[in-house]
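Here come two complexes built around subunit A, the first alongside subunit B, the second alongside subunit C.
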Partner chain A sequence: MAVKKLERYKMRGLINKDKLLLIAFLFTFISFWFLLPDYAINTISLSFCNGLVILGLLLLMRAGLISFGHGMYYCLGGYAVAMTYNFLQIKEVFVLIAFSVLAGFIVSFFLGFFVRRFRGIFFAMLNLALSMILFGIIVKSISLGSTDGFGIKELTYFNHAIEDEKRLNIFSYLLIVILTSLMMMIVMTFLKSPSGKILEAIRENEIRSSYLGISINKQIHKIYIFSSTLAALGGGLMVILIGHITPEDTAYWTRSGEFVFVAILSGSLNVFAPLIGSLFFEFIRSYALFYFPNTWQMIIGVVLILGILYLPEGIGSIFNKRKK
Partner chain B sequence: MLLEVKNLNKKFGSVSAANNINFKMNENEIIGVIGANGAGKTTFCNIITGYLKPDSGVILYEGKNITKFNVQEIKNIGIHRSFQIPQVFENLGVLENIIITELVAKNKQNALFEDAYSKKNYQNAIKLLEKFSFDVDKFKDKTVKELPQGARKVLDILIAIIGKPKVILLDEPTSGISTDEKNVIMKNILRAIKEFNISVLFIEHDMEIVEKFSERVVAFYNGEIIADDKPSKVFNQNNVKKFIIGGL
Partner chain C sequence: MASIPFIILDSLVYASWLFMVASGLTLIYGVMKVLNVAHGSLYAFGAYANAWLIGWYFNNYTEFEFLSFLFIPISALVIGIILGFLIEKFFLRKIYFRDEIVVVLVTYGLFLIFEDAMKLIFGTTSYLPYQPRMLLGNINVLSIPYVIYDLAIIGIAALIWFLFNFIIKFTKIGKLLLSVINDREMSSALGINVNKFFIYTFTFGCLLGCLGGAVSAPMISVVPGIGVEVIVLAFAVVVTGGLGSVTGAAIGALFIGLARTITIFYAPQLELFIVFFVMAIILSFKPEGLFGSKEVRKI
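Right after this comes the complex of A and B.
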């Protein structure tokens, strides 16, 4: 019975190989909660929060763009959660997350009118400049917490308080894993749709694209909002997980650089790559930091070189052999 | 009158690429454009399609002033073009090039809830390529950058034909193609175009091709139109013989 039903869904295109893979991905990570030690679960959670930023960068990369300032939206999403919590006394996780998404959406909507006219290195550096402006504003404002940032304490999930629990608990873990998988599903569907394929056309040839009748700037604006909102969601979840945010850890250029690093290492072949890439990076970092505290950056550098040499299309190419 | 250009001027520094150009095009006309390199033929296409803005002059399409339209707006009213150097999506497959073009032509550039590369869309793309005598079996699994120059050129033209234009501007459709192939390619393209009632303007250096396929010839020289008539008349005009045919 069940098999027949599955066949029918397949026929209608409701289920395909990638979606099944994603469902398997989701359940694997849910089961890890019961199998892996706390520190591993913590690393996974954090790498998923960051992975959402990389997923956002993947969208830009599909259109041939990269941002050296996506930490800005990570920061905005995080501050939206922290400030709503501290100033509005809202403790409900789902409301806080909604605020982080909204912050990313609104800011990228307005900045999008400005950045969408630029390409290549100009687009990348302009975003870097914007994120450094945000960094400067926060650091100089006492009311925004300056360099100390903000902390949050206990949260509620659907009005259920989780008192005296650690920040990392089954609820925050499930929230992160499920939301991440949901975003992967949305991005996956988007990339397969005409809207998503148009991005590749823009990346390949802007002259022909505009002669086809594509409004290039509008498409880039759209993707910028989509991408930035994902980054903001990642920042929001990160604050819920860690319970603290500072400008230095989010909007400062080194953080954005790290995102670009992982994005390039991951490549843009499929939606799994950013998450696997981010996971890989966080584990290497924590291990390298532990065993080689003084040379871990060097190890990261070697990894990037190996990646460029042997996986020029990124980590995604491991399980996405070209179907030709 | 389908397309009308009045007193068009365009300068690049001291070079006059369009010098007081007046031009009219009727429905279902096939016009050949000749002129030495640098005569202003491509610039003429660039201005009509909104890629370049003229310094002065007016462009009318079905009586409507379209001088200030941008590239997308010009495309959407039904003026398409192909390029001297093919402008295609190099790293995408041949079929994907066609599919994307068709999706945009069907105004689906913002569609979210369908699969762009569906089986149906692939089948349509193959059908379309076959219709234009494109060597589908040989090339359908290739990316564009793997194609020989001739096939790329044809693909560029096909992309311009998709979406039912009323006017199509072909910038040197046979350049870089061997002499034997030129005739076949022109024949295939023009047969297909005729079927859709599209008016054609094609830029061409090969006078035999021009004579064979056009009903009217426009000759450019230093940004000016120096002749505009039936092929036999234009070819016999003295300045055309001296500056264009003799100069080739």
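Right after this comes the complex of A and C.
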């Protein structure tokens, strides 16, 4: 009987290989909390926060677009958390996260009307310009913290104050891992849905898809909002984890370049690739910083070029051989 | 109102500086469809090489001070040709057939490598090669004292613009280049060596980037990180003017130079903001830039 039920769920697409993998992924990372030392956990959580941005970039890449300014939404999400905390004295984590998601959603909704008309390199560069505008505004205005940014202190989870002084505790770790898995789940389902499949059609041939009756600009606007909101969520979680945000680390173009770098290295074949790619990148960076403090950028550059030359489909292609 | 001549002069100087940096970038994009992020490091390399040579010369010799001007073309030529050739030959040639963004990322990787290489070669202390700029002295323009060296930059930029137009319109190389720009495959079928054009164009573009750095070295303090700031400004100029158009880059530089100087005079805290604001405004009216050509999409 149970087996029959399982079969029926499988047929309806409620259970499939990717979803089972995702659940395994979630439990593996939850168990890491008990197995790995603190610095590794810290790197994992940070790379998950950044991984959300890259998950957003994956959505855009599915439609053949890339944004050289996704650091803007990362920054916006982070500032939404930090400013709500400092100006409104709200300490409840879930409210803060709601604010960061809302900030990303609203801003990308309005900018989307402008950005959706561009493609290719212009789309990338326009986003770069927008993120540099945000950077310029923040750096030059004292009330927004200028180059110092903002810091946050103790937080509450459902009104429970956390005694632990450390920013990285079981609550913040669980929050990050569970939210990230949830987002992966949503993106996965979205990519399998008709609107997700449309993206590939747009990437392959925009004019033909528009002849089929797809409103291209609307679809691009939709995924722009989707991916920006993911980036904002990533930024918000990053502030909750690190406890500090500066414009230099988030909105400056080199940061967005890093995101694109990881996104290209990960490829857009499946939703695990961005997270794995981000994890890989954070570990390389922390080791490079530790062993070669003066030449870590050089090492990252070398990894990037080697990756592009020898893994043309991204890290995802190792797990997910494309059927020809 | 009295500050209007100041504003015009300053924005002209700034625009010429922007154009010098951006012209190489737009040339490379126009011919090869490569948006070269490493252009910023070439600028920094040129500046460092020139600063180092000037420092070395003035520490060891006291006579023939005017010889120090020779270091500008020397450093630009040496660094530009060596690096341009190596980058094209060993990296870009392997990935021309890939997506534009992937090529941008390869140059971004090179940019990261060069940033650290410069720190290893030249150290992290700042260089101040002010001597050549002092040598030329000041001049009064409409009763405003102005540094002649800065005014000379306007001349150099105008010369570069003129050279570009002359080569493209009146020489055989220019005509061949135009055919390569318009249709790569057709021109190679007609017997034009496209690879050779690519390597020459790329090297020449890199040389212009290094020249921009070498010329501006006496006006700034050469520190790590100058390449990062320059490249985003150059991007803004090039995209505003229309990717691949040299005249567009010149007009874009003038627009952005003027807007920036006016903000510096009246609202200095908006300086960084205004450059990209102008770019966003112009793109919202002309999505392909001022002089950009509309791309024909495949069906």
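Please note the rule applied: the second predicted complex is superposed on the first by the 313 of 324 C-alpha atoms of A that agree within 3 Å, B and C clash if a C-alpha of one lies under 4 Å from a C-alpha of the other, contacts with A are read in each partner's own complex, and residues count from 1 in each chain.
Methods note: a contact is a pair of C-beta atoms (placed from the backbone, for glycine too) under 8 Å apart; a residue touches a chain by one contact, two chains touch by 3 or more.
What you see is a predicted model; the values in this text were computed from it and never measured.
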#### Entry: Which of subunit B and subunit C A:Lys197 touches, first, second, both or neither
first
### Task
Could you look at A:Lys17 and tell me whether it touches subunit B, subunit C, both or neither (first, second, both, neither)?
neither
### Task
Would you check which partner chain A:Ile207 touches, where first means subunit B only, second means subunit C only, and both and neither mean what they say?
both
### Query
Which holds for A:Ser215: it touches subunit B only (first), subunit C only (second), both, or neither?
first
### Task
Examine A:Phe118 and indicate which partner it touches, taking first as subunit B and second as subunit C; both and neither are also allowed.
second
### Query
Across the two complexes, what residues of subunit A are contacted by subunit B and by subunit C?
205, 207-208
### Query
For the complex, which residues does subunit A have touching subunit C?
66, 114, 117-118, 120-122, 124-126, 128-130, 132-133, 135-137, 139-141, 205-208, 253-254, 257, 260-261, 264, 294-298, 300-302, 304-305, 308-309, 312
### Query
For the complex, which residues does subunit C have touching subunit A?
35, 37, 91, 94-95, 98, 100-102, 104-106, 108-113, 115-117, 119-120, 228, 232, 235-236, 239, 243, 269-277, 279-280, 283-284, 287-288, 297-299
### Task
Using the touch definition up top, name the residues of subunit A that touch subunit B in the complex.
13, 189-190, 192-198, 200-201, 204-205, 207-208, 210-215, 219, 324
### Task
Quick one: which bits of subunit B touch subunit A in the complex? Just the residue numbers, please.
49, 71-72, 75-76, 80-81, 83, 87-92, 96, 99-101, 103-105, 108-118, 141, 159-160, 163
